[in-house]
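Below is one structure; the comments refer to it alone.
Chain IDs A, B, C, D and E follow the sequence of writing; residue 1 opens each chain.
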Amino acid sequence: MLEVAGIGRDYRVDGEVHTAIDALTFQVAEGELVCVVGPSGCGKTTLLRMCAGLLAPTRGAALVDGREVDGPPEDTAVVFQEYGRSLFPWMRVGANVELPLKRLGLTRAQRRERVAEALRLVDLEGKERVWPWQLSGGMQQRVAIARAIAFRPRLLLMDEPFAAVDAQTRADLEDLIRDLWARLGITVVFITHDIDESVYLGQRVLVLSSPPTTLRAEVHIGLGPERDQLETRSSPAFAKLRGQVWAEIQAAKRGET
Amino acid sequence: MLEVAGIGRDYRVDGEVHTAIDALTFQVAEGELVCVVGPSGCGKTTLLRMCAGLLAPTRGAALVDGREVDGPPEDTAVVFQEYGRSLFPWMRVGANVELPLKRLGLTRAQRRERVAEALRLVDLEGKERVWPWQLSGGMQQRVAIARAIAFRPRLLLMDEPFAAVDAQTRADLEDLIRDLWARLGITVVFITHDIDESVYLGQRVLVLSSPPTTLRAEVHIGLGPERDQLETRSSPAFAKLRGQVWAEIQAAKRGET
Amino acid sequence: ACGGDESDDGGVDTVSVGVIPIVDVAPVYLGIEQGFFEARDIEVELTEAQGGAAIVPGVAAQEFDFGFSNITSLLLAQSSGLPVEIVANGVASTGVEGEDFGAVMVPADSPIQTAADLATATVAVNTLNNIGDTTIRESVRLDGGDPSDIGFTEVAFPDMPAQLSAGNVDAAWAVEPFKSMIEAEGGRPVAWNYVDAAPDLTVAAYFTTSQLSQEDPDLVERFSEAIAESLQYATDNPDAVRDILGTYTDINPDIRAALTLPAFPAEVNRDSVERLAELGEADGIFENPPDVDALLP
Amino acid sequence: MIVLVRKALLVLGLPSVLFALWWFASAGSTSFYFPPLSEIVAEFGETWTAERWREDVLPSVARLGAGYAASCAAGVALGLLIGRVRWLFHATEPVLEFARAVPPPVLVPVIMLFAGIGDGMKVAVIISGCLWPILLNTVAGVRSVDPVQLDTAAAYRLGRFRTLTAIVLPGASPRIVTGMRQALAIGVILMVISEMFAAQSGLGFAIVQFQRSYAIPAMWSGILLLGCLGAALAAVFACVDRAVLHWYHRQRTEEA
Amino acid sequence: MSPKRSDRLNAMSGKRTHSHQPRSNRPRPRPVPPLLLGAAGVAAALLAGQVLPLTPLVNPRYFPTTSAVLAALADDLARAEFWRALADTMTAWAAGLAIAVAAGAALGILIGSLPPVRAATASTIEFLRPIPSVALVPLAVLLFGTRLPSTLLLVVYAAFWQVLVQVLAGVRDVDPVAADTAKSLRLTKWQRLAHLAWPTALPYLMTGVRLAATVALVLAVTAELVIGSPGLGHEIAVAQTSGAAERMYALILVAGALGVAVNLGVRALEREVLAWHPSVRGEAR
C-alpha cells in the first residue's frame, strides 16, 4: 500500500544544506500497523509529511498504491504532532471533526452521528459545542484523533498522537486504534516515542538512526493479534522485544552504525 | 515555599459555569520536587497557571514564600505544555533562551555562556543561530526547557516538559532535572502523564481527581536521593509505588471518591 | 441632461444649471421665485457645486445645460479647447472704489496701507492663476508697485477670515460675505482689484456649450432672456436679493443686511472681458491666446 | 537570470497589458477629458521637467516622507499603548473614531487654524490620514498576540518595556506592516489633498492647477506620475517588509 | 443584563489575566463598563472644545465653542432638509461601503489564495491605490453627472483598496500547520477558501471594514461637498461658503457621530464573528 523508496530530504539552514533524512526504503502492506521510533529530531515528522504529500522529498519518493505521492493521497488521514495548531480555532469541536466528512457525500444526520461517535470513542462525548481553546492539551489532541477516525481513512498517519494524554487514557486509545485497525482493515503508520507503546501496538517497529537518517533496524513484533494491556505487557516476549527496541534506539542515539 | 490553599477555578463555557478545580490544598517545601499527575483535563495546567500568577483563582489562593500570588512571582521559571507556541518565532534559539536573562544584570559574555551551557545540557549544542520553526517538536520542547534552566529559578514549574522527546532523551532529561534540583536546591513542581516518570523523579506524587477536581491522593516516594535509570526502575519498591500511583489514577478516572 | 428636445409644442423645458451657492447667483433664485423662467417655459433645476471642478466638466458632459463661472476660468477653458459660450451675464463689479463686493483686506494693525505695499506681501486668493491674482497684480501696478514678488497663496474664501486673523497671510482677497466678516473683525480694505482692472468689470457669467447653443438656439435664447430679466429685477430690488440669500445660504442675518451687493447688469461688458484676457495673457496663465469673440454671444 | 526575467514579467506584465488596452481604446478619442494616451505620454515628458521635479515633486515627496514617518512612529506608539491598556482603549475609541470620520476638506481648514499654512500644515494633513490604518492595525495586532507568548513573557517577568519591545511589537508586526502598507497609498493621496489648500508648489498642487486650467493631458500625466510614485514606494516598502518580517514570510514559504 | 452579555462586557474591560493585579478571594474591583469610559472620553473632548476657543489660542468666531455648535445642531435637528440630507449621505455611504467590502473581500480572498495571480497583480494594485479620489471628480461628473453613481464611484474607489489590502495580508497569515491540515484533509479549493483563508483573514477584514467605513463616509461627504449632490456634504459646503462656522461644525459633529456609530456597529459585528479570536475572547482562557 505504502512504499518508501530511497526517500531523502535536505533542509537549508542559513545557506548551509543539512541532510535530515539520508535515504529510507521500506514498505507497509495493506492493512498493516507499523510503528516508527527514533531519536528526537531524526526526521520522523519529515518522513510522515513526505508520505502525506505535504513535503517534497529531495531524493527518492513515497508511493501509495503504486502511484508516486505528489500531493495528499485520497482516503488518508493525518494526526499532526502540533495538535493544538492543527485544530481550527474558529470552529467548535464538532465542526472541526465534521469538516473532512463534508466531501464524503454523507447526509447531515450521518455526519452528526459519525462526529458524536468519534468523540465518544476518544472520551469527549458531548463536547461538540465547545471551542478547541477551551479544552486542555490532552483533550485537544483527542479531538484531532477523533477527526481522523471519524473520517475512516484507508491510510492513517499519526505523529505522536498520544503524547499529551494520561497513562490510562493512553492505554484506552491504544486499544481503540488496534480495534479500529483490526475491524476496518486500515493501514496505520504510527510515530511514537514510547517504546512500550510501539511494541504493544505494532506488527513491526521501524527504528530510525540519528541524522543523516537511515533505517537502523526493523523489529518484527510476533505478539499475535490479540493483545491486552495487562497480559501482553507483562509477558516475557514483550519484555524481550521492548529490550530489543530500546537497545536499537540507544545505539541510534549514540550514533553507532 | 509554595502553598496552595483551597484553590479552585471555574470556567464559563457558553454561559454555563463549569468547575474545573473544586478545591485543592497542599504545600511544597523549599527544595522539594513534587510531581502532579491526574487524568487528562483534570486541571493540572490550570493549577500550574494559577501558581505561576497567570490566572486568577476563583476560590482560595496560591502563596509563594507566604505572599499571595497576584502576578508571576520573582525567580520563577515555567515550561509550558504548548512548548511550540511559547517560543518566539521572531527570535533565533539563542535569543529565545537568552531573553529572560536580560534583566538579571549579567554581562553579555555571561549570558552567552549560560545559553550555550543550557543548550548543551538539553543536547542542542550549537543550535543558537537556528530559528525555532526549523527544529523538530522534541527539539523545540528542549529549547523551552533550556530557557527555564538557563534562568536558574528558585521555583521551577513544568507542564509535561518531556512529552515530545524520545525515551532515551527523556531519561537523560530526567536525570538532568534531578541533578539540577539536587545541586542548586531549587523547588520543582512537575506535571507529567508518565507514571514511571512521576515516581522516578519526585519526592512526592500528587494525584488529582477528575473534575470537579480535588486532591485524590498523595504518594510519598521513599526511594532516597540517589536514583538510577536502570537500578531504581527495576527495584521492587519502584514497582510497588508505580502500582500505587497507577491504581489511584485509574480510580480517579473512573470517578471514584 | 435634458436639453430642449420637447420644446416648441408648448411643453416645458427642464434645464439643469450648475451654480455655486454664493451671493452672485441670487438673481437666478429670484428669477425662479418671480416666475421669469416659467414664463418662458423653462423649469430650472439647480445643482449647487463647490466650484469649477465640478461645474465645467458637468456642462462639458451636458450633465448641466448651463453653468456659472468667472470670466477668467471661462477664458481658460475656451483657450484650452473646451467649446464654451457665454449666454448671459452673471455678476459685475459695482465699479465704485470703497463700495465693491470684493477687495483685498488686511487686519487692522497691518503695516500695509496701499496696494503698492502688497508687492512683498503674502496674499490669499481663492484660486491661483485666475481672476483674483491677475486683477490684484493690476491694482499693485496701478499703485506704482512691482507685482512680480507678490506671494499669492490659495485659501478658500470661507477660510480667509480665520487665516487672516491667525496671521498666516498678510492680506486676503475676500468677496462678500467674507469681506464684511473681516470688516467686522476690524479689518480694512487696501485695494479694490475689480474696480482697478476695468470700469464695470464683468466678473462672472452663465455659459453653455457651443453644441447646445447650436442644437437648441431657442432654448438658449429664452434662458438668456430669463436671466437678463432676473438680473434687472435684482438690480431694481436689492432688498429682495438680501431676502432670498436667507433661503439658499446660511449667512448670518446681520451680515446679510450689511454686506455690499455686487452689480447685476443685464449685459456682459465686452471691454472688461477683453481686459481680463489681456491681463491673463500678460501674467502668462493661458497656454494659447483666448478668443473673446468665440466666447461671447 | 530566468528568475529575473520571470520577475520582470510578473511586475510589468499586467500593467503593460492595461497600458496597451488604454492606448488603443483611447487612440481616436476626441473627448476633452479623456485624451488619447499617446497625447498624455507626450505631455508627460514635457510637463515633468527637471525643474518641476526640483520645485514640485521632490518637496512633495519630502513632506510625504516626513508625514509618513511621523504617522508610523505615532501610530505604532499609540497603538501599542491603546492596545495594551484596556481602559485607555475604551476611553479613546469614540473620540478617535470621531476624528477619523471628519473629511479632509473640512478638517484641513481646522488644521490650518492651528498649524498655519506652511509645510507643517501639510505634514499634519498627511498624518491625519496615515495615522489611522497604522493605529487600527497596531491595536488589532497587539490584541491578537498569542496568549501563550504573553504568558511566557509574564512568567519570566520580562517587565513592561521588554514585553512591549521584544514580544508585543514583533508579535503584532505582521499587522503593523499591513497598516503601514495601507498608509503608504493614503499618504500619497493626502499629499495631494494637502496641496489643494494654501499651496504654491508641489505635485498635488500642479495636478490641481492642470485640472483648473483645463490642461487635461498634463493632469493625466500627473495622475500617472502619482501611480508610479505609489508603485515605487510600494517596491521599496516590500524590500523593507521582507527584511523585517523574514521570520514570518520564511515560515510560510520555506516548507512544502 | 443577561449573564452572557455581562460576561462579555467583563471580558472586554477586564484586564488581561496576567497583569499584576490583586486577585483571589478578595473582591475584585468592578471594571468600569467600556461604554461609560467611552462617554467619559467624549465628554472630555467636548469640554476641551468648549474651553479652547475661550483661550487666546483660537478665535471663537472661527472655532466656535461646543455650546454654540450644539445650539446650531439643535436648530438643524429640527429641520426636515437636514434629515433628508442625512438620509442621502447614509444611502451613498451604505451602498458604497457594501460594494467596496463585497468586492474587496471577494477579490482579496481570490487573489490572495492564488499566488501567481497575486504576484501578477501586485504592481498594478500599488499603481492604482495612490490615485486620489478627489482627482477623479471631473471624471466622475463626466461619467455620471452629479447623481448618486458619481458619489458612489468616488466612495467605492477609495474604500475598495482599504479592504483589498487588508484581506490580502490576512490570507497570507494562514498558519502553516493549519494549512497542512487542510491540505491533508484534501479540502477542495472552495472549502479551503471558506474554512481556512476566510476565517484567517476575517480579523484583518474587520479592520479593513472599519477603515473603509470611515473612508466611505469621508468620501461620501467630500463628494457631496465638491460635486454638490445632495447630502450632508452639500449642507457643509453651504455653511462653509456662507461663513456660518457654528453650523459647519455642527454638521461636522454629525459626520463624526456617524463615524462613532458605524464603529459601534462594526465592533458588535466583530464580537459576533470573531468570538473565537484571542482579541475578542479576552479573559477566561
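The rule we apply is simple: a contact is a pair of C-beta atoms (placed from the backbone, for glycine too) under 8 Å apart; a residue touches a chain by one contact, two chains touch by 3 or more.
Here the structure is a predicted model, which is why all the values come from computation and not from measurement.
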{"item": "Minimum number of chain-to-chain contact steps, subunit A to subunit B", "value": "1"}
{"item": "Chain-contact steps, minimal, separating subunit E from subunit D", "value": "1"}
{"item": "Chain whose Cα centroid lies at the greatest distance from that of subunit A", "value": "C"}
{"item": "Top chain pair, ranked by how many C-beta pairs fall in contact", "value": "D-E"}
{"item": "Chain whose mean Cα position lies farthest from subunit B", "value": "C"}
{"item": "Mean-CA-position distance for subunit D and subunit C (Å)", "value": "38"}
{"item": "Intercentroid distance (Cα basis), subunit C paired with subunit B, Å", "value": "83"}
{"item": "Geometric centre distance via CA averages, subunit D-subunit A, whole Å", "value": "48"}
{"item": "For subunit C, residues that touch 2 or more chains besides their own", "value": "53, 56-57, 60-61, 156, 158, 162, 166"}
{"item": "Residues of subunit B touching at least two other chains", "value": "11, 53-54, 71-72, 82, 85, 133"}
{"item": "Residues within subunit D bordering two or more other chains", "value": "33, 113, 146, 151, 154, 196, 211, 251, 255-256"}
{"item": "Touching residues (chain side subunit D, partner subunit C) in the complex", "value": "32-33, 109, 112-113, 116-117, 196-200, 209, 211-216"}
{"item": "List of subunit E residues in touch with subunit D within their complex", "value": "12-16, 18, 31-32, 34-35, 37-42, 44-45, 57-58, 62-63, 119-124, 126-135, 138-139, 142, 158, 161-162, 165-166, 169, 172-174, 176, 180, 203-204, 206-207, 210-211, 214, 217-219, 221-222, 225-226, 233, 236, 240, 248, 252, 255-260, 262-263, 277-279, 285"}
{"item": "Interface residues, subunit B side, partner subunit A - complex", "value": "11, 13-14, 37-45, 81-82, 84-85, 129-130, 134-139, 142, 160, 163-170, 193-195, 246, 249-250, 253"}
{"item": "Subunit C partner contacts - residues on subunit E that touch it in the complex", "value": "59, 61-63, 137-139, 141-143, 145-146, 225-229, 234, 237-244, 247"}
{"item": "Residues of subunit E defined as touching subunit A within the complex", "value": "175, 177-178, 180-181, 183-188, 191, 195-196, 199, 202, 276-277, 281, 285"}
